[in-house]
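What follows is chain A paired twice: with chain B in the first complex and chain C in the second.
Entry: the complex of A and B
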């Protein structure tokens, strides 16, 4: 009779005689390192692309442009305007007797503008003529005889002129061909509607003098308001 | 080789190395003038009508006039004062309109010097477009405008044909920041001195 020996007492051969001694970590195969490196580079590349294409400060605060043309009614969130015409002159006589003198040339924009949803504290402070890299603000020298900084009403268009002083060279330049009239409520155009109407300054002939009419409520051209 | 350098580094106390290097750098500055004061550059002097081109504006002070007031334009000094008017031609060299107000605009760019009662901090009484006396106008890019810078001075502060000096200031450009909107020009510094003679026109005409 033999007593079978249990597995615990059997002398056992080391099943993996080439394993490292206790306390030393296993060697990582070289291809695992390569895969980690490739994944890392890939993640960095993706992060780079995301960081590059994410909207910058200017991007997420940009004005919301609404495009239109001369003669069309262009409607933004709280501003609606119809540009009736654009003229150029050496000197302008406005309805309150102001006579404009400039070393450049006057651009006279006739337009009707109103607000859409509310009229609390709404002034037409954001009239800008952009020619190339330069922006020209609507002149307030004539005072109340132009629409610059005038108070606007909901649904009732205020019709009158806006005057811009620009250097005479801009009338013949390539920038003048792609000039834009930008209209907004505030002088700070960010994060609100901005009406953009392209204006070709090169087609304008400079008149010696222009007389402008007094700003009136309502649209004498007879177009429907709002 | 590395072991020897390391052993040497461990022997020398750090403070000797730092002091030694500082001494060497100071000795090297002797070759560039040492610790003497830098020579101050003299301010360029301009005459009447000569323009000074800055980073933001080109300014030419044309004439200086003493006048009682401009009653038709409602620009009237306090009793006992007269108006010192600097007639200038200003051109905006930037791409956006520049105001003529204080602290943000062209009103900061001129200051009379040596006039009793006025100093470098005296803001103008008003700055108006010469043709129509429009205040707070905006200077459009590349459109030169004649501006009248007006200060109040005491009746006896200046007389006809007195020489007057005017400091012309320039400003430094500061780009749009993370919490600020728009680039701006700030920190006016004197860039030239205009020398003129004062005309006294009494009460008549405009400047």
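Entry: the complex of A and C
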């Protein structure tokens, strides 16, 4: 009996000892799967952090608040202001003779304000007193005797009053304790600095009448220093 | 890994090329339009030199800086400020086309360079409130109706602490993003 033999194969010089036979898939080492899993988990974690911390909705174009206090100079990108004091009155008489009488109360904010880098088209049109979820714009009825809507200069402070007419009930409300004065350039404060100064309205005593001074451009202290 | 890179080389190369290309095509028109309308490319003019630009010849002939304390009260200069008066000679070349202005209009800004701090700029509008007793016939800015050579006197009011590294920027609308930057 003869044993059938297969076709004779010539001895091969190819070393490739770990190559799988034809038709059998390569075996991937376990550690490669582990690395892929770790990389995938890492990418998911990074994506989660980015999704969680990225501004959502209108947040990406919200104003950039710069916090300050009464008596302190607060500086934003292109607006700088010092709130000298806050008063309340039943009526106001401004430097041009305009008289404001109200069933509510006038909040008189004395401040100095200027721009920082550029003065083209820079109006103080973003003065707002926020009491809880209510916001009151600075009155422009007294015209040039108040700072509302006035042009600002770079490095030259304009000193004068801002007037806010608010309901009397807001003075003693819990929201009045945490009211805040917001100052910005233009009526649309988005994507730019907004100066924020907290004001406690409950500590204000209401005067019968306040006469406000004429807005003054310039810095007498700077003149003495120069 | 290198084998995987070799097998997917064409696809990876396509991603590297196509992603930036897509971003450029998507945003380029807005981006280029935005920068094209802003004064971002200065033509620097040294002190005393003249230049042809936007259909006219331009030359700064005189610069004065006057402290508010040196001005009379009737000038109504704000305290703590200086008035900077720049005399700028303009030689119009005439209308570029029928119906076009005889002389270019312009925007003027005085710019202060500061080390380690952003530039500050004042528009010539700020000088409107200070009375320097300048002849009313002398223009304070570009006059597009002038057909012959004229000299404007632009007035800027700056705080006294403004430094001496000042430039006059002249923007002519149809020349943007190029603009003139005179060293004063």
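By definition in this document, the second predicted complex is superposed on the first by the 166 of 226 C-alpha atoms of A that agree within 3 Å, B and C clash if a C-alpha of one lies under 4 Å from a C-alpha of the other, contacts with A are read in each partner's own complex, and residues count from 1 in each chain.
As a convention for this text, contacts are C-beta pairs under 8 Å (C-beta built on N, C-alpha and C of every residue); 3 or more make two chains touch, one makes a residue touch a chain.
Since we're looking at a predicted model, the values are computed, not measured.
A.B. asks: Contacts for A:219 in the overlay, against chain B (first) and chain C (second): which applies, first, second, both or neither?
C.D. replies: Only chain C is touched by A:219; chain B is not.
A.B. asks: Applying the document's definition of touch, where does A:165 land relative to chain B and chain C: first, second, both, or neither?
C.D. replies: first
A.B. asks: Of the partners chain B and chain C, which touch A:140 in the superposed model: first, second, both, neither?
C.D. replies: After superposition on chain A, A:140 lies in contact with chain B alone.
A.B. asks: So in the superposed three-chain picture, is A:154 touching just chain B, just chain C, both, or none of them (first/second/both/neither)?
C.D. replies: In the superposed model, A:154 contacts chain C only, not chain B.
A.B. asks: Classify the contacts of A:209 with the two partner chains as first (chain B alone), second (chain C alone), both, or neither.
C.D. replies: neither
A.B. asks: Once the shared chain is lined up, is A:96 touching chain B (first), chain C (second), both, or neither of them?
C.D. replies: It touches nothing on chain B or chain C.
A.B. asks: Kindly classify A:120 by the partners it touches after superposition: chain B alone (first), chain C alone (second), both, or neither?
C.D. replies: Touch status of A:120: second partner only.
A.B. asks: Using the touch definition from the top, list the residues of chain A that touch chain C in their complex.
C.D. replies: For chain A paired with chain C, touching residues are 116-120, 151, 153-156, 216-223, 225-226.
A.B. asks: Would you tell me which residues of chain C are touching chain A in their complex?
C.D. replies: 67-69, 77-81, 109, 118-123, 125-126, 129, 157-162
A.B. asks: Along chain B, where are the residues that touch chain A in the complex?
C.D. replies: By the definition above, chain B touches chain A via 95-97, 129, 131-132, 134, 136-138, 140-145, 176, 178, 181.
A.B. asks: Of all residues in chain A, which touch chain B in the complex?
C.D. replies: Contacts found on chain A: 57, 98-104, 133-137, 139-141, 143, 164-167, 169, 188, 190.
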